[in-house]
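The structures considered in this document are given below.
Presented sequentially are two complexes of chain A, the first with chain B as partner and the second with chain C.
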Partner chain A sequence: MENEIIVKLENLVKRFPVGKSHFTALRNISLEFKKGEFAGLVGPSGSGKTTLLNIIGSLDTPSEGIATVIGKRINDLSHKAAAHLRNYNIGFIFQTYNLLPVYNVFDNVEFALLLQKMTATERKKAVMEALEWVGLTDKAKSKPALLSGGECQRVAIARAMVKRPALVLADEPSANLDSVNSNHIVQTMKQLNRELNTTFIFSTHDEKVMRYLDRVIQLVDGEVASDELIKHED
Partner chain B sequence: MKIFLLKGILKDKSRSLLPIIIVGLGAMLTVLLYSWLKGVIGESIIMNANFNTGHVKVISREQAKTPEQMAIDLSLVNIAELKKELKKNVSDMDWVERIRFGSLIDFPDSEGETRAQGPVIGWGLDILSPNTKERERFNLAPSIKRGKMPSKHGEALISEDFAEKFEVKPGDVFTLFGSTMEGGMAFQNFTVSGTVKFGAQVLDRGAIIIDIQDAQQAFQMPDAAGEILGFFNSNLYDTEKAMKVKVKVNAMFASDTDKYAPAAITLQDQEGMGQYLDYADAIGGILITIFISAMAIVLWNSGLLGGLRRYTEFGVRLALGEDKTHIYVSLLYEAVAIGLIGSLLGSFVGVLISYWIQQVGIDLGGMMQGSTLMMPTVIRTAVTPTTYYIGFIPGVFSIVIGNALAGIGIYKRSTARLFNELEV
Partner chain C sequence: MLEIKLAFKNLLGAGLRTWLNVIVLSIAFVIILFYNGMLDGWNEQARRDTCEWEIGSGEIRHPLFDPYDPYCYQDAHKAIDADLQKLINAGEITPILVTQASIYPQGRMQNIVLKGISPDQKLLKLPSDKLNGGDGDIKAIIGHRMANASNLKIGDRLMVRWRDVQGAFDAKEIVIADIFRSNVPAIDAAQIWVSIDVLQEICVMPNEATYFVVNDEYLKTHREALAPNGWKFASKELLLKDLNDVIKSKKASSGIMYGLLLAIALLAIFDTQVLSIFRRQKEIGTYIALGMTRFKVVRIFTFEGTAHSILAILLGSIYGTPVLSYFVRAGIPMPSSVDQTGLAISASIYPVFSLGLIVSSILLVVISAMIVSYIPTRKITKLNPTDAIKGKIL
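Moving on to the complex of A and B:
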C-alpha cells in the first residue's frame, strides 16, 4: 500500500514544566506522514523539532492530542511497549552520531539487532549488508575513534537501518559534517528511502539536506508555519 | 546480549578497572583479615589449651569455684586412682596431672648470700617420663635458648628474660620457696638446666618449669596435683565432645559429697575462652558485614560516576528499543561479572599472602609488651576452606548493591531526559 499513513499527529501539544508554570514547546500540531516519505522539519533553534521527533519516536509523550505511530497510540504505551515499538519499527540517527566507543563498527551496528530474536549468522549477514549500503564493509573492525565524522554518521545510518525499520528519525544528521560528507550521507539515505521504501523524517537547518527533501515542514514557535511538497526535476 | 556486555566490560577499562580494583582489594583484605584472625584466635586457643585450660580440666570442687586462681591447698588427692578412673571412662583423651604454683626463687652467691631473687609462676609437669606429651604441649625443646632440657630430677627450666635480668646461666643452683599443701613452709634446691622463651609475654616475664614429681616433693603433696587436664587425641578442641566428657566425669563423682571431690570444666568454662570461641565463629560474619558496607558505598559512588559517563550508551540503547528495566538488570549482570572477576583476583592474591604468612609467621613480640593475655607473639594466618570463598561474598555483594543504587538514576530520569543527554 503506497499511501499507508504511518505517523498521524492530531492536535498535539507538548508542555514542559518550568519552575511553577509551563513552557509550551509544541502547539496544536496536526500532521500525517505516509509510507516512503522523505520529509524534513525545519525552523529556528527552539522551534520544537527535537521535541516533535522524540514524541514520534515514542521517547516522550504529548501533553495533549493524539500521536499514532505505526498503528500504536504513543500516548498510552507502557515503557516496555514503547521499547518494543522502537526495537522493531523505528531507527534513530543523531547529530552527534552516538556510537559506542568501546565497540568496533560491526559491533555498533549489530547492537541494534541484539534485542531481536536472530541467530548470530543472521545478524552477521544483516550487519554486513547494512555496512554495504553505507560503503563501510572495509571498516567493520575499526573503532569509532579512528573514523572521520562522515564515516561515523554512515555507521549510525547502518545501525538505524540494519533492522529495516519502517521509520527513521534523523535529528540534524548533517550538523557536524562538512558539505561533501553532508551530501554523501543524505544521498545514502535518499537511496535507502527509495530502495527499501523507508520513511525518513529529518530535523535540519542544512540547505544541502533540504535540497533532497520531498516535503518541508516549517516549525515556528512550536507551530506548523508551512508544509510544502517539493517537486524534484529528475 | 550478555556476551556483548561482557565484551564492553573487558574493553572499557575505565568502566571495569576501578571497580575491579576496589572489589579485588576488598576481597583480598577480607581474606587476609579472616585468615589472620582465624590464625591468631586459633593459635591462642591452642596455646591456652596447652598451657592452661586443657580441653577438659578436672579440679577439686572447691578449686572449681575459682578456677583462675590455682591454690595448692585446694589440690586433688588420690590422683593415681583418679587418673585410672578417668582413663577407663574417657579413653580417647590423654589425662595428665599438673601442679601450678607461685613462688619465690633465690640464687645464692659462693658465700651463700642472695645474689638474685624474684617471684615466678611455676609448673610441675610430667617432663621426664619417656612417653609424655607435655614437652610438646609446652613446645619445650624448640623454646630452649641456652642449656638443655632437664634430664633428671632436681633440674629446672627458667624464662630466658628472667635469667638475663638476674644474670643466671645454666648450671646455676637456686632455692624455691613456697608453701606446702598443708600451709607449711616449702623450700627445695634446683639446678637450672636451660632457659626458655615461649613467645608469650605472660610466660616469658618469669616462669619456671620443673618435673611434676619434684613439685609434689617440694610442696609435700604425694599422690596429689592441682589439676588433671584432658586433651583429645586429635589435639583439636571440640565443643560438643568436651561437653560430653564434662557431663560424664561429673556424673562419675555425683554421689561423692566431699568438697574436694573432682569436678570437670571445659576449655570454654575458663577465663573468657567461651567468648573467645564465639568470637572466632562470628568473625567471618563481622568481616563480611563491614566490608560489604564500606565497599558498597565506594562502588555506589564510582558507579554513579561511571553511570554518568554512560548516559550516552543508555540513551542509545533506549533508542534502539531496550527498555529501562532491561538496562537496569544488565547493570546488575555487569556487577556480578565484575564482582566475580575482582573477587577471584583479590582472593587469589589474598590466599597467596595468607598462605605465605602461615608459613613464615610475623613476630609481633615488641608490640605486645606487657600484655597479660596468653597470645602467641609470632602471628600466623590460618588458611581454612572458608578462606578460599569468603572474599567473594563482600566482593560480589558490594558491587551489586553499589550498581543497584547507582542505577536508580536511570529510573528516576524520564526516558526523554536520558535521551536528551545524547544531544549535549
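Moving on to the complex of A and C:
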C-alpha cells in the first residue's frame, strides 16, 4: 500500500520542566508520514526537531496529544513494548554515530539483530548485505576508532537498516561530515528508501541533505511553520 | 549469550583497570581457599587423631567424672559389672582408670595423672602392649610432650606417689617402657599410662574403672541405650565440641583477614562500575534506542561487573592450583606454639580442598561481585534515554 500512514501526530505538545515552571518545546504539532516518505524536519537550533524525533522513536512521550507510530500509541506504551517497537520497526541514526567502540564493524551492525530471534547464519547474511548497501564489506573487521567519520556514519546506517525497519529516524546525520561524505550518505539513504520503501525522517540544517528530500517540514519555536512536498526533476 | 559476549569484550577492552581488579579478587579467592582448606585439613586430622588416640567412638563415664577436674578423680570410679565385662571381652569397650599422682623429676614435685589401660586393648592407638611383662617392674608409657617436659627417656626409672582408695599415700618406682608420638595432647601432657590391672591393685580399686572408650560396634549394638545402668554416655560429637569450637573461631578470625581483602576487591569493582556507567551513558542510550529494555541493560552491566569474578577465578586457578596442590602434598608446617592450645595438631597440616569448599568459595566470590556490580546499575533505570544518547551528565 503506497499510502499507508505509518506515523500520525495529533495536536502534539511537549513541555519540559525547567525550574518551577516549564518550557514548551513542541506546540500543537499535527503531521502524518506515509510509507516510503523521505522527509526532513528543518529549522533553527532549539526549534524542537530532536524532541519530535525522540517522541516518534518512542524514546520520549508527549505531554499532550496523540502520537501513533506503526499502529502503536506512543503515549501509553510500556517500557517493554516501546523497546520492542524500536527493536523491530525503527532504526536510529545519530549525529555522533554512537557506535560501540569495543565492537568491530560487523559486530556493531549485527548488534541490532542480536535482540531478535535469528540464527547466526541468518544474521551474518543480513549483516553482509547491509554492509554492501553502504559499501563497507572490506571494513567488516575494523574497529570504529580506525574509521573516518563518513565511514562511521555508514556503519550506523547499516546498523539502522539491517533489520529492515519500516521507519528510520536520523537526527542530523551529516552534521559532523564534510560535503563529500554528506552527499554520499544521503545518496545511500535515498537509494535504500527507494529499494526497500523505508520511511526516512531526518532532522537537518544541511543544505546538501535538503536537496534530496521529498518533503520539507519547517519547525519554528516548536510549531510547524511550513510543510512542502518537493518535486525533483529526475 | 549477548550479555556474556558483551561483558568480556568490554572488560578486556578496559585493559589494566580490569586486570588490577581481577588480580586483587583472585588473590582474595586463593587465600579464602587456602585458609579454609587448611582449617578443614586440621579439623579432619584432629578429629581423626582424637578418635584414634583418645575417645574412640565415645565414652561411657562415671557420673562424677570430669576430665578437667582432677579433684573428682578421687570419687569417680566404680566396679565393672558382668554386662560391661562381656563388652570388654567382646572388644567393644575398653576400661580406663584414672587417678591423681605426683612425680619428682629433678627433686621438684609435679602433679600428673596416672591412667590405667588394658595392655591388650585394640581400641586406641596407644601402644599399650608395651605395658606387658616387666619382671616385677611397673612399666609405663608416656607421650613425647610428657617426655620432653619432664626430661624422660625410655628405660628411665622414676618415683610415683599416689593416694589409694582410702586416701593414704603410697609410692612406687616405675620404668618408662615406651615413648609414643601422638598429635593429641589430651593423652600425653602430664600423663603416665600404666596397666589397668596394676593401677587397680596399687590403688586398691579392684576391677574398677573411671570410664570406658567404646567403638562403632558398641554404638550399633546399643543404639537404644548408650549409657549402661549407673554410667553416663558422652558421644563423640560432644567430646569433639571443643575442637569444633576452636576451628569455628579460627575460621571466623581468618575470615576477617580475607574478608578485608575481598572487601577491597569488591570496592574496586563497585568503583569501576560506577565510573563505567557514568562514562558510558551514550552507549546505554544507544542500547535503549536499538530496542533493549532497561532491564536488559541493567543485566548487561551487572554481568560485566560479575565477569570480573569469573576472570578472577580463572586466574586464581591458574596460579592457585600448583600452589595449593603443593601444600596438599607437602603439608603446611605449624609453629610449635600452636601445640600449646591443647588441641590435637600435627607438625604439618595437610589442607583439604573439598568440592563443597571450592564451590562455596566460588559462589561467595561470584555472588558478592554480582551484588556490588548490580547496585550501581540501578541508576540506569532512572536514566532518561534521550539525555543518555546525547551523553549528558547524569
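Keep this in mind: the second predicted complex is superposed on the first by the 234 of 234 C-alpha atoms of A that agree within 3 Å, B and C clash if a C-alpha of one lies under 4 Å from a C-alpha of the other, contacts with A are read in each partner's own complex, and residues count from 1 in each chain.
Here is the rule we go by: a contact is a pair of C-beta atoms (placed from the backbone, for glycine too) under 8 Å apart; a residue touches a chain by one contact, two chains touch by 3 or more.
Since this is a predicted model, take the numbers as computed values, not measurements.
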When chain B and chain C are modelled together on chain A, clash or fit: clash
Contacts of A:229 with chain B and chain C, given as first, second, both or neither: neither
Chain B versus chain C as contact partner of A:146, first or second or both or neither: neither
Overlap of the chain B and chain C footprints on chain A, listed as residue numbers: 50, 54, 57, 59-60, 79-80, 83-88, 90, 92, 94, 96, 98, 100, 102-103, 111-112, 114-115, 159
Chain A partner contacts - residues on chain B that touch it in the complex: 1, 4, 7-8, 11-12, 15, 312-313, 315-326, 414-416, 419, 422-423
Interfacial residue positions of chain A with respect to chain B in the complex: 50, 54, 57, 59-60, 79-80, 82-88, 90, 92, 94-96, 98, 100, 102-103, 107, 110-112, 114-115, 159, 171
For the chain C and chain A complex, residues of the former touching the latter: 2, 9-10, 13, 282-283, 285-286, 288-296, 385-386, 389, 391
Residues of chain A that touch chain C when the two form their complex: 50, 54, 57, 59-60, 79-80, 83-88, 90, 92, 94, 96, 98, 100-103, 111-112, 114-115, 159
